[in-house]
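Structures follow.
Shared between the two complexes below is chain A, which pairs with chain B and chain C, respectively.
Let's look at the complex of A and B:
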């Protein structure tokens, strides 16, 4: 669900555009620490993955289905800066090649779906990781909670932007209640599926889950005898 | 999907719009969208003028209007929002077909539909008349950071590979009798998403190694 042209007024779109340019610029520099010279091919492939996973429909029941937004998932899998970069590139390609999301709303879409979901997802994930016991089996659940939290927060940021530059006078408390309520439900799906997907990856290639790397490094090699 | 290059929205043609440099088209789209968004919503003649300009461009591009109109469905969720606006907005009421609705909400809803549709149609025209490779060159000419353009290039190049991979995984699931109907089937789909990530990431590593072995230093040669 991408914001189209004309949803927010021009000054607000310019403001979010400036924020997005700054954030993507910073992410370009910081992502090099996460990926070094592999940045272009790796981030490109991860972006293609996020694009594909957004096309994977999850049935909700009664014939309706939803799909992942993937911001928190990307943050846990490849680190926050690379994730901001990848989701931003996905939004850019969707806007220019698929006409999904207006070009003047690109900044707004990046702020909402790349910046907010990734940052909130990563912060919640890291806080949970620091607070809870350091066990690999908890990583999927932590990622799930992080993804769950990221969706209603992004919806609230949208309401905030709408309060600043909205084009119709909707009572804000009604809008906030509606958006927060609906997106809390959507967040449940996002959280459960993100958690399950991270669980599947942790089981097979834990080294690919960037959020699990501190745990992996502290893990000791165990040599078990046969039959034990 | 087997179409060598081009993407799903591209409409092959040789019109002046197809041949125009991509960076000019992106700038034109941006300027058009900014002007549309910045126009006050009661300036009705201006919106008619914008629609005429857009119609002329689409006419010159020889892309069938039905081709574009069918693809405006991407804005559907916001059409729902625009239709709801008159009912939830506050302010003086007015009557439409015997139903009391908010005057501001009605105006805002219509403005939202008009501006959104103009924007989507303009974006669709760009997408229909521009090859991805030309678009990337155009963005580079617009001084979009080289690194960002490269990431985009890799994404566009492997987009079909990754989505095809996902498609094959779906066929594999369905040929084993799986069909996703309710949330009880989420674990299977989430495992597919996980497998897709591992495959994409490992493909990225292989692509990077293949590029290194061909002398890649962080910049693509032209």
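Let's look at the complex of A and C:
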């Protein structure tokens, strides 16, 4: 869903640019509390992994493809503030090196794919974690559902921005229907990929999955109490 | 249960990312993505101002280059802002 230059007008792009600068600045401060000896080595890799998987467009029918956005995946693996940094770096490199996403649209793409997907993904994941039984085996599916939800929401935020500063006169209701519909399908892929990736790490080292920490803390106390 | 060391997890993710970008990306669907398709169907694709990136198009080699650049930049940024343990503060 990389927005190119020209889709949104200059004032709207400046607005999203300012929001992106503010959010990334805040994330640089807040991520400090998330990045410890366990998450710090993971963060760069999670960003590199998301970049690689974003190259893998999968078909969603009707001559349309989609790819991972990765905000929910990064949030579950390394924490939401670090996730904002990871996805923002991916978007920056894609824009500068590959012209995938515009330069003036970089703020817009950060708002959509770094902020919106991380926020929605993390909130849905945490709510599911709080209301469902505290079991590690549920973590990959919870991450997958959170990732699924994040994609149509990001598509809807794009339509909202288009309503504010789109450069063409498009009926907004049909635009919303089209964007929401196709990105709900793409969201299924996002959910499957996120569930598989989180499941792979949970299987070998659940302690490296930051979103799984609340489930591990009680267990670790027992192990340490046993003197091992 | 034997724990997989952090080194192996790190190497595993790195290898998977490089193989996905360098090899599996050849099999990616080449149809337009959701937003591109919607912009074509709804008559605003022409508003795009296209330009060239510094590296060019995605391919096996450029994909691997991209993975390494992202790893370096994101790894560098997060390493710089991380919470430092007592040992680091002496340095």
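We adopt the following convention: the second predicted complex is superposed on the first by the 197 of 228 C-alpha atoms of A that agree within 3 Å, B and C clash if a C-alpha of one lies under 4 Å from a C-alpha of the other, contacts with A are read in each partner's own complex, and residues count from 1 in each chain.
One rule holds in what follows: contacts are C-beta pairs under 8 Å (C-beta built on N, C-alpha and C of every residue); 3 or more make two chains touch, one makes a residue touch a chain.
Bear in mind that the values here come from a model prediction, so they are computed numbers and not experimental data.
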{"item": "First (chain B), second (chain C), both or neither touched by A:198", "value": "first"}
{"item": "Partner chain(s) touched by A:120 [first = chain B, second = chain C, both, neither]", "value": "neither"}
{"item": "First (chain B), second (chain C), both or neither touched by A:98", "value": "both"}
{"item": "Which superposed partner A:43 touches (first chain B, second chain C, both, neither)", "value": "both"}
{"item": "Partner chain(s) touched by A:59 [first = chain B, second = chain C, both, neither]", "value": "both"}
{"item": "First (chain B), second (chain C), both or neither touched by A:10", "value": "first"}
{"item": "First (chain B), second (chain C), both or neither touched by A:68", "value": "first"}
{"item": "Contacts of A:155 with chain B and chain C, given as first, second, both or neither", "value": "second"}
{"item": "Chain B versus chain C as contact partner of A:186, first or second or both or neither", "value": "second"}
{"item": "Residues of chain A that lie at the interface with chain B and also at the interface with chain C", "value": "1-7, 28, 37-38, 40-49, 51-53, 55-60, 85-86, 89-90, 92-93, 95-100, 102-103, 167-168, 170, 174-175, 201, 204-205, 208"}
{"item": "Touching residues (chain side chain B, partner chain A) in the complex", "value": "7-9, 26, 29-30, 33-34, 36-38, 41, 71, 74-75, 77-78, 85, 88-91, 104-105, 107-109, 111-112, 114-116, 118-120, 123-124, 126-127, 132, 135, 145, 147-148, 150-159, 161-163, 165-166, 180-183, 185-187, 189-198, 200-201, 203-205, 207-208, 211, 218"}
{"item": "List of chain A residues in touch with chain B within their complex", "value": "1-7, 9-10, 13, 24-25, 28, 37-49, 51-53, 55-61, 68, 77, 85-86, 89-90, 92-93, 95-100, 102-104, 167-171, 174-175, 189, 192-193, 195-201, 204-205, 208"}
{"item": "Complex contacts: residues of chain C adjacent to chain A", "value": "3-4, 6, 9-10, 13-14, 16-18, 20-21, 24-25, 27-35, 37-39, 41-44, 47-58, 62-63, 65-79, 81-83, 85"}
{"item": "Residues of chain A touching chain C in the complex", "value": "1-7, 28-29, 31-33, 35-38, 40-49, 51-53, 55-60, 62-67, 82, 85-86, 89-90, 92-100, 102-103, 155, 158, 166-168, 170, 174-175, 178-179, 182-183, 186, 201, 204-205, 208"}
